[in-house]
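Next come two complexes built around chain A: one with chain B, the other with chain C.
So, the complex of A and B:
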């Protein structure tokens, strides 16, 4: 029995990575949930918006690097973020102007908008791949670790090491700041209140003189900000590959639905539920259990519930269970 | 002020509004009565841009406003209340009122960052206005209550309050007095008259309570089955053969008789 080592191993291999991943999903899901709450459709292009924003930020990063600019121990990409966000805002506003506005005017059913967003997704997907290619891009620079496993071992005297990657720390700090800012924005500012009013009761919002065009525009701007930040954090933490981002759509929607579509608080909770579930069932628990049980009872196998190849299945199962038993999600959302 | 010309609204094959033609004179408080299902609310919905017209025209001060979206009509000074009260449930009663004035500086991202002073000052002004309206409606004590928690009658007052937040030209009230007690109903009546006299609002009022109509409205328009049956003073309309028939036909004979 070695509880301390078990806790350290758990923190290192499960808790920290899952928390960082959860924060990335939460930001992605926030974007999806805003679109659902205000424009009233599930935006299939969310994953590819993240990919596009990340791609733009990567170009910004390369530009800065070429100019010899760096951000000390932090990734240069953080400096390029504003650029990536601006480009993405431009793209989303242009998309809204040229595509969604047309359908909004016709007052089409939400299902039609979902299919429209599927088309937008393919186009964005194509733009990103044409501009940066389909291969994996690693754009993380700066210090790799806040502290390494070896440093931790020396400091603690334990067998088990624990490391905190800079990207994980950056992810968590950024996510906390962005979410705090978003909630302040939605709760306190007049613009945020118009958005909430619009999401609450569109009919009344219109009759109260709230300009729907403003609300829609601000929504897309927020979505661009959230999606780009989420995408860049994910890319820094793992790596950037357009296809992976497309696949993120599933966990993101699972997160948004678990929390209750249209509910920002729910999107955050959902992000962590999905991330923890995914990491829990795909992690090989052999090591942690080995510390907790007497040596002769230590498991021979990996004690892994599911291969990481199937991690998307976790989101899928969560999605199905929630839709079957709790269609409005943990926090009351608008679906169901 | 408002001129409705041969307006039709069909739901599938059903004619909810069937060629309605009517005038709402500037400065009047026009009553709109008619049996349940006569198409009064539907008429409001079409005039106020919530539903598209099947055919026909709506003019406001001579200008064609048919099919304009609600927020543009709001901009022109055309407001309405809902028969079934609507509210922003997650906000307080005061915040509900404060949403109303349009083009608030704080509604743009730019001002949210760079126009803090202006936004704050404007917000104070609108807040004072909202408090004034709440006091007028005698619901000051509800100011900080969440709007989803207040009673049905109080929501009706909130609906009326919304129209008082700006300088409207014409306000369509859809049974603003339904489910409201007598005392409050009188308060609402007084409010309507005052807004009409002091601030020059034109009103079009749907109401089933004939006392209320008789007290406030001239002229009165009666609709049935999507058509305008009669128009005139309360007494003229009440004694009109076709009107009595329309009410009798739908079994509302007593309603008319008791008020006659």
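So, the complex of A and C:
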């Protein structure tokens, strides 16, 4: 029995990575859920918007690095974020102007908009791949760790090490700041309130003189900010590869649906539900259990519920369970 | 008249490829175009007749491919003996656990007791399933891992796998449709996107089934199509080729491809005939009525969700059938080559460009977009190097030449957006 070591191992291998991943998913799902709430369709281009924003930020990072600018111990990419966001805002507003606006005026069925977003996804995907290629890009710099496993062991005197990567700390801090700002914006500002009104009841909102074009524009700007930040954080923490970002679509949708499509609070909760389940199910618990039970009872196998290759399956199973038992999600989103 | 002209135009494209490039390439594209057209017909049933948005075409096509392995691959008696029955027992047990869990859910009253019972059934069931399943899998995969390591197929004629491909896809579609139909329309799109990814992950990782990423190669050809090597050695064929002054090697490859084209055309025409009959029957009118106004159709006593499930299953079965045809033509199952852009979204572009709701439109879209997609693959890099020939050698030039394949995504996306915007009814609109 060695509870302390078990807790440390759990924190190091499960809790910290899952929290960072959950924060990234939550930001991505927030973007998807905002589009759903205001524009009323599932945006299939969400993953590729994240990829595009990350790509723009990577170019900004390279530019800054070439100029010899660095952010001390933090990744330079954080300095390049505003640039990436600006480019992505430009792309999304241009897309809305040239593509979505037409269908909005026509009041087409949501399914048509989903197919249109599929076309947009293709185009963004093509642009990203032409500009940066399909290869994996690693753009993390600065200090690698806030504290390393060795430092932790020396400090605590335990067998088990715990490390906190800079990117994980940056992810969690940034996500908290962004989410706090977003909720302040939605709750307190005039524009934010009009967005919520528009999402709750479009006709009433229009009746009370809310300018729909303004609401839509602000929505796309918020989506660009959230998607770029989510994409950059994910890229810093893992690495950037366009196809991986496309595959993030499933966990992101699962997170948004779990929380209730159109509900920002739900998207955040959903992001963490999906991330924790994914890591819990695919983590090999041998080590943690080994500390908790007497030595002769230690498990022989890895005690892994599913191999890591099946992590997408976890999002999918969560999605199916939610569709079966509570189609409106945990936080009562829109189901009809 | 206009439709005939459009089809003639596509024919000219294919003939032009034959004359100016090579007949081998033209027939290659034609075969893939025919297969895509069949898949497009399946998707057209779902989208055109019923307005269902299926983003999992890749998964259904891959299930068709799996059927070819299960039916036509040579048996592996050693692998099967090592754990074939164990795996089957494990899978059967897994299904039994799911059935038991649903029974518990339906029979017991809502409350903490039911939740506890469900939890126990699922947890105990899962670990028991793993205990049954894992050792057998390990045993099977340990048998000749370099050449086999799987349970093998039945060694039956390849053509029998086509209907099985349809059945596998239909079963998957039923499960997905049962869960996600009747809710909001986006949920089907999200769920099918998921199932497609899962099917590919399973094919990549379950080595005992179809060797995973080690790929299944050397799958036998469907019945009437001979191997080129056999043709080149048959005296009759050589004589025949010499009689027309053909080179025996290229003649044999072309004959093989022509046979495939004929085989696929027969299937394509059969599917069109059946779907035209269905579309013009009371059932087809009901489908369109549901699509155009679900509320009114429900008020007339039509079971909207049930009909949706029905057409979703039928359409997916057609896709699975075509997926099996494709794998048996390729002679190999390589899970790594299934990617959603090529298998799901390309088919969508075909349906939308051709004309949703119209079977001939779907066929035209399949042949036209299939041609475009593959011709760009073979000429794209060349065109790109011509465009960039004036540029100085360097990173940018090589980057542009390398990025030629990605141009296809961009072009396809732009075509899809333009058609949706300016001609949403497609080239051959619904009557």
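Here, the second predicted complex is superposed on the first by the 335 of 336 C-alpha atoms of A that agree within 3 Å, B and C clash if a C-alpha of one lies under 4 Å from a C-alpha of the other, contacts with A are read in each partner's own complex, and residues count from 1 in each chain.
The working rule: a residue touches a chain if its C-beta (ideal position, glycine included) is under 8 Å from a C-beta of that chain, and two chains touch if they have at least 3 such contacts.
Everything numeric here is computed off the predicted structure, so don't read it as measured data.
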For this session: Scan A:91 for contacts with chain B and chain C and give back first, second, both or neither.
Result: neither
For this session: Kindly classify A:26 by the partners it touches after superposition: chain B alone (first), chain C alone (second), both, or neither?
Result: neither
Exercise. Touch check for A:209: first (chain B), second (chain C), both, or neither?
Worked result: first
Problem set entry | Touched partner set for A:129, first chain B, second chain C, both or neither | second
Problem set entry | chain B or chain C, by number of chain A residues touched | C
For this session: Return first, second, both or neither, reflecting whether A:112 touches chain B, chain C, both chains, or no partner chain.
Result: second
Exercise. Is A:197 touching the first partner chain B, the second partner chain C, both, or neither of them?
Worked result: first
Problem set entry | Which of chain B and chain C A:182 touches, first, second, both or neither | neither
For this session: Give every residue of chain A touching chain C within the complex, in rising order.
Result: 41-42, 44, 99, 102, 109-112, 114-116, 118-127, 129-130, 133-134, 246-247, 249-250, 253-254, 257, 261, 305, 307, 309-310, 312-313, 315-316, 319-320, 323-324, 327, 334-336
For this session: Enumerate the contact residues on chain A facing chain B in the complex.
Result: 185, 189-191, 193-194, 196-197, 200-201, 203-212, 214, 218, 221
Seminar exercise, completed: Listed in rising order, chain B residues that touch chain A in their complex are 48, 50, 69-71, 74-75, 79-80, 82, 86-91, 95, 99-109, 112, 119, 123, 162, 166
Exercise. Which bits of chain C are touching chain A when the two form their complex?
Worked result: 51, 53, 55, 126, 179-180, 183-187, 189-191, 193-195, 197-198, 201, 204-205, 340-341, 345, 348, 352, 399, 402-403, 406-414, 416-417, 420-421, 424
